[in-house]
Structures are given as structure tokens and as C-alpha cells.
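Per-chain residue numbering starts at 1, and chain names A, B and C are given in the order in which the chains are listed.
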Amino acid sequence: MNAGGETDAYVLEAHGVGKSFTTFERQPGFLGVLKNFVARKSVVVDALSGIDLTVRRGETVGLIGANGAGKTTLVKILTGIVPATTGAARLFGRDSFHLRNQEKARLALVMGQKSQLWWDLPPIDSFKLLKEIYSIETVDFDRRVAEYTKMLDVEDRLKIQLRQLSLGQRMKMEIIGAFLHDPDVVFLDEPTIGLDLVSREVIRQFLVRLAEERGVTFMLTSHDLEDIEETCKRIVVLDGGRMAFDGDLAALSAQVMGKRAIEVHVDPHTPIDESALSRDIAAFGAVVAGRSVAAVTVVVDAARLPELVPALFQLLQVRDLSVERQPLELLVREIYRRSDREGSSIAGSRPEGASV
Amino acid sequence: MGQQRPSSLPERLQWGLRVMRAYARIGWVRKSQFRWEFFNQVLMDSLFYVSSIATFTMLYALGDDSASGAVSLAGWSFADMKVFLGMTFVADALMMTFLGQQWHFGGDLKNGALDSFRVRPGPTAFLYFYQRFSPEGLTNLLIASGWLVYALSGVVGHQVSGWHVAWALPCAIGLIAFAQVFVSLFYCLVELWLMNSDLGQLSSQLFTTMGERPIDVYPSPMARFLLYVVPVAAVSWFPSSLVLGKLSGGFALAYPLVLVVFALIVVRIFRIGLRRYDSAMG
Amino acid sequence: MTRAEAKVSSWESDARTDLALLVKTVGYEFRKRIQFRTGFFVREVLNGMVQPLVMLFVFAAIYRSASASGDAADATLGSWQYSEIVRYVAGLLIVMKLVFNARGLDLSAEIFEGRITKYLTMPFRYFVLIQGRFVQFTIMQVVVATLVWCLAYALMGDRWLVPVSWLATGQALTLVLLGSYCCFLLTVILNTLAFWLDVVWSLLVMAWFVISFVGGAIMPVSQMPVWASSAFSWLFPYWMISAPIEILMGRLGTDAFLRGLAIVTVQLVLLDALRRFTWRRGLAHYVGAGM
């Protein structure tokens, strides 16, 4: 998107960003606690190290990683909540920790595990407060509230206390609150955590629509890969505070799209010679990815599928057979494994302007 | 973007007032749902007023049987003390009305509750501290003001003229509000720099309690400390002395400048201290 | 086994479980309290010292003004000489450490947020967990108060409050600890009101105001007007704060101790009955998540 005259500018940059904090080692047991009281040992924990990342206006970036990978820490540094220990983080071209009000007015943050609206009040009251804080014109405010509540299907929940709403409705209200001032960049930290499938889907559609219609740049962290797949074009994988992958989700998906997982249901009473099976299917470039009493899972390139399936009928006593796309999760798990093995980040096919 | 950010000083002041009004509105809506809490908190502060008045009434009454026949508290007669207590109550009520969030600052630091205020377009301290507007505090402000007016009626015409009170009282109240804001911020500074220590709460308890008595009862170095280093004297001693005409003109004019310097230092250190905020990560 | 024997056996088993749980809870509470060193020093050592020390300056000013010579030591106010007031304040610094305060208990939050649900399904009495906090508090504060007393005595000698006898020390400690348990029960009762009310902290603060004033934490009760001192002497706060200090100073004797013991015991029993009643009735109201 070209709005705002920032076509070629990075709205978000991280150069060698690292974050460490000091904590104290806690020894277990009563004597341990007494020992800590007299002489405690401090430990420096590196939550993030050497993160390089640039994001252009309008990009949608999915940030994934296991618990403790550093996703939330990175979001907090990029939004200026906490300073980086090393390196530089910039938002709208300015040091994130020293953002001015005009930059903050273009930013929004949604935290799935921390409500930013008032717990005891109906959402509309919290929205009115945000209206004053962000100096939103009344006409725009009314229009956006009406539009967003309709999109997220919570029009009739505006005047009910936040604490009386369901988790899904609360999160929708949080998201509306974040978008009321029409931000250019939105950070969403696990916005779908704990939500049912319908709520997740509605939220994803909302994000996709705003990204497309208004060119909002957003960075979404989630444990749910479906969230990322459906809403983001780019994926960044963090592992142990380091960047394990940064690339185009389409390229990553292409790898997935090119693979098929065949689940072959077999007679449990007929023994299978697994080594012979592995040898025979290797001729088709396939591997055995899983084995249970009554099923064998084989992964193969989609192109070799027509050759392999008839062969499987000859090699095994097939009772039933299903073919599925290889789940993205398996690939991400592979990225983690490779990252651990190689100890460095793995560059994917990056979108234009992205850097690792 | 459909919004005009305030840029000039008058616009920023207007923006601040609009946000405070929105916070006040939220405070009223919230309290309308918790009427029991409202009633209890009004009662709680009233009890504080009653116990303070009762304590000093009893202490001064002891003087009736003493060798001197009447006692004063380091130059403060009972009539003066009533005015002093009135100023203390007004200061307390102002604190409860606008700055009640200060009591939660330590916990909020540990829980990372400052996050959403850090990303909002406005000073973090302003948005954070004013969020808890308290209607019960405002009710108590009315009660406290009532006592202050009663106490002043005992001195006007005897010790000070009505004209003197007419100009000194608004100045005194303004000064109390100004001093409360920055002294409260000072307590939070301690919490920010020494997390998990409860030293912020202790310093708040210590200096607030000390400030609730005229500083003349303390040894001179301690009184100077309470005037110039942690200026809790500005919260009740200075305003009462000003209204009662106990101060020299030069000191009365110069002391507010000390407060301004204190405020600038505190704000600066608070901003630097925000680097220590780790948003519940450590 | 007869029914009576079975009942006794069940009671013994429950008592053993309670005791084991109490010991474990006390250990756990200790660990929680000493997690942060500065926090421990502030909360457990310095806590309760501010108000008495500030009042000492106020008393000094009042006594100076009441004295014909301008020397506080020459004045007597309400049968109290200035040197006695100094020792009374010293006593306050020690006694107020031993008095249980509401800060040590967040039962109302546990009720309001539904956190007690998990305990209700476990095979023990929840009250034992709460008692553990009281026992931990008392043990720790007795140690801290003893250390503070020793340090102050080493620095100030006889100007500090020195008990008139070991008997007086025992009597005073008995009254303070029984009174502290009354305070604890009152705190539990007010906390259990969270079964019905949204907010109870203001009730706790009010109760603390009243206890401090009626108990003599601001000025000795016997220095107050006669009507106030005779009325307050029927309430446990007086026997928890002001009276024990006067016993330590030798201003009150064994007669007073026995009277105080009777009053505090009766009020303790009444408070415990009220605590059981509100807990039972509250549980009937409990909806699990509170809100």
C-alpha cells in the first residue's frame, strides 16, 4: 500500500536486537530459601539475541515460536514498552523506546492475555475513553464502532459489562478498541488464545479485511498456525530467543503444498516388514513418517502420488487410504530441529524488503 | 486518520482535561455499580478524620490539668491545629479523588500493567495515575472542605483577616494539589528504582504520616528535610501556615519555586526510571 | 470398635492431618515472606514503627509546652510522665509488631476470584491453611520483636522499656498473642463477607482504625478521658496493646492481667463462633467464580 507516502520506508526495523534481564536463582526447600536470603546468585537470562527484521508498510507478519521463544518480548521492544538491551528497534523510523505521541497515535497493541479495556464497564464506555485519548472525531468514532461491531458480530454486546462477556466477545471488543483510532501498525499478541473455532474465524476475517482495505501493517503472534496461514503473508519463527526462520509464507506453504501425507490403514494381524517397505517406497522419493498398529503414514512429493499409490496396494494389505496435505506444524517442527542442529537462523524465500 | 493530535500547549492542556473528564465519567459509571464500596470508602475516610480530630482534642484537653493550664503543639494552638487538620483532610481527599492509583503502582509494575499505557499517545504517568478517578474521594473532599471552613471560622477575625484568607486559601489549595501530584510521583519513583522492595509503600507511609503533623514538632534538620528534600510539608504545613499568616512574605513567595524544582527533578527521574520497567518479564 | 471409639479415632486422624498441614503451611509461608530481602526488612522489621515514632515527637512538643520550665521531663499529663510516655512508645514499637494485620491475609480475593474452589474438594479443613499464616506471622514477629528489643536495649539501656519482671513479660505476651488471635479472627470474618460483598478492604481498614484508636496505639488509653478509657477497657484491643505495655511497665498488676485474660478469652470464643457462622453461611452463597 502506498498510503501515507511511506511506500519505500520500513515502518518497523530491528537491527541486532537483544534483550537480557537479571533474575535470581531460587533454590528449593526451606534451607535453600534461607541460603538465598543470605547470599543469592543472580542469573542473566537472554530472552532475545541478534534479531534483525524489517517490515514494510502493509505487510502482514506472523510471529511464531514455542513458549519462551521471545515472541512477546520482541513485540514489547518493537512497541517501545521495554527498551532493547542491545541493538536498535525502530518504529516509523524512530527509536521504539522514545516514540512521540504522533507515532504512538499510529500504533495499536492487542494482548490476548491482558485486557486493556475496563473490566467493570461496558465496552462502549472504554471506547469513549479511547476516543478522548486518541482524539478521534465523533463521526469517525461512531462509524467505526458501528462497522467493527457489525463485522465481528458483537453489536448487541456494547452495553454489557466486559466481565459478563464470553472470552471470544471480550477479545473482539479488545480488537475493536485497538482499531478505533485507525492505526497504521497493529501488534496482536496471541489474540485467539483460548477462543472457539467460530470466534477465531471471525477475528481472522476481520484482520484480513482491514489489512486488505486499509493497508494496515500487522504483526501477529500465535501458537495456532492456522491463524498465521490465514492472515499473514510472511512468517518469522523464533526459537530460544533467536530467529530461526524469516520468509514468505507462500514459499513455506509451497513446500508443504508439494508434499502429501498418505495414511494407509492395514490389517493389524498381517506383519509388515518395515525396512523392506522403506526401501521399496524410497524409489518413489517417499519416506515412512509414522507407524501404528493398524496404519502407516508415508510422505511423498505430490507429483509422485499417482505412481506411489498403486505400488502401496501391492506392497501392503490396504484396507483404506487417505491423502492429506502435510501439516505446516510438521514443517515448523523441522525448522526448530534444524535451527537447534545448526545453531543459526535459516533464511527462507523472503519477500521484497525483508531482511534476515 | 480522522484525528487531530494536540500540538500546542493549550491544545495539550485541553486534551488532558478531556481525558480527565473521560476518566471521571468512567469513575462515576463504575461506582454506580458498586454502591456499597462507595459508601464504605466515604465512611472509611470519615473515620480517619474523626480519629484524627479525637486524638488532638484529647491531647489538647490534657493541657487543662497541666502546670501551664493550656498546651500548644510547637506553637500551634488548638484552633490552629483544626485548620492544619482541615488542610490534611483536603490533601488526603484530593489524593483519593485523583491519585488513588498510586497505591497500586508497585503491584502493577510487577504484573506488567503499565504496558497498555506505554503505547498510548500521551505521558505514561498522566494516563496511568489519573485512571482511577474516585467519586467517593470527591465526596470526602466536600466533607473535608466543610471541616476546613469550620476550622477557619474559628480563626478569621481573631488571628487573620477575612481578606487574607480569601486570597491565601485558593493559593493553598492549588499548592496542595500540585504538591500531592509530585510527592506521589516521588513515592512511585522509589518503587520503580527498587522493585520488589516495598520501599515505595514504606516511604509513602513514613512521609505521609510525618506530614500529617506540623513540621515544627520535629528537630530542625528533620523539618528542613521535609521542606526541601521530600517536601511533604508543602502538602499541609505550608498551606496551613500560609492561611494562618504564620509565614514571612519572602519565604511564602520563594517556597513554591522549590516545589517546581522538585517536580522537574521527579519527572525527569521517573522518565529515566521507566527503562527499568521490565513488564513482568524478569 | 464402638461408635464412640470410631468418633474419637476419626477426630484423632483429623487432628493429625490438620497438624501436619499446619506445619507444612507455616514452612511455605516462611518461604514466601523471605523471598525478597529488602521487602522482608521493610515488611517484617520496619513495619508498624512509623506511627509510634511520629507520635513521640508530638508528645515531646505537648509535654514541653505543658511544663512550667519548658523541659518535657518536668511535665505530667493524665498521670503520665514524659519518661513513661517514651517507654510506652518503645513498648508500642514492640507490641504492634506482634499484632496480626490484615495484610497477611488475602482471603477475600481468594473468595471473590473463586480460588478457594480447589481447596473445598480436598480432604482437609481450609481454615487450617489460613491458621498457618497466623502461626507463621506470630513466630516470625516474636523473633523480630525480640531482636529489635535486644538491639534497642543495647543502644539505649534503661531508657528503653525494660519489663518489671519475667512474670509481667509472660502476662503481657499472653495478652498480646490472644488479642492478636482475636484480630486474626476479626480479619477472617471481615474477609468472608466477600461471599456477599464486592469489596471488603475498606472494612478492614476501618476495623484497623478502630482497633488502633481503641487499643491505645496512638496514645495510652489510661491517658484518655475517663469515659473513653473505662469503655475501651471492655474491648480486646485495649488488652492487646495498651494494657500489656502498662503491665510490662509495672503500672498494671496481676489483677488487671486476670481481668484482661477473661475479657479477651470470652471475645475470642465469640469471634470464633461468628467466624464459623459466617464461613458456613458464606459457603452456601459461594458460586465458584465469585463474579
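As a convention for this text, contacts are C-beta pairs under 8 Å (C-beta built on N, C-alpha and C of every residue); 3 or more make two chains touch, one makes a residue touch a chain.
Quick caveat, the model's predicted, so the values are computed rather than measured.
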**Request:** Please name the chain that ends up farthest from subunit B once chain centres are defined by their CA atoms averaged.
**Result:** A
**Fill in**
Of all chains shown, the one whose Cα mean is least distant from the combined Cα mean is B
**Complete:** Chain centres from averaged Cα atoms put subunit A and subunit B apart, in whole Å, by 46
**Prompt:** Between subunit A and subunit C, what is the gap in Å from one C-alpha centre to the other?
**Reply:** 52
**Request:** Provide the C-alpha centroid distance between subunit B and subunit C, rounded to the nearest whole angstrom.
**Result:** 30
**In subunit C, residues with contacts to at least two other chains** = none
**Request:** List, in ascending order, every residue of subunit B touching at least 2 other chains.
**Result:** 34
**Prompt:** Where on subunit C is subunit B touching in the complex?
**Reply:** 36, 38-39, 42-43, 46-47, 50-51, 54, 57-58, 60-62, 64-68, 74-78, 197-199, 202-203, 205-206, 209-210, 212-213, 218-219, 223-225, 228
**Item:** subunit B residues within the subunit C interface of the complex
**Value:** 34, 36-37, 40-41, 43-44, 47-48, 51, 54-55, 58-59, 61-63, 65-68, 71-74, 194, 196-199, 201-202, 205-206, 209-210, 212-213, 216-218
**Request:** State the interface residues of subunit A toward subunit B in the complex, per the touch definition above.
**Result:** 19, 21-23, 45, 47, 73, 76, 79-83, 97, 101-102, 104-109, 111, 114, 116, 118, 120-121, 125-126, 128-129, 131-137, 139-140, 161, 181-182
**Message:** Under the definition above, what is the set of subunit B residues touching subunit A in their complex?
**Reply:** 1-6, 15, 18-19, 21-23, 25-26, 29-30, 33-34, 112-116, 118-122, 127, 275, 277-279, 281-282
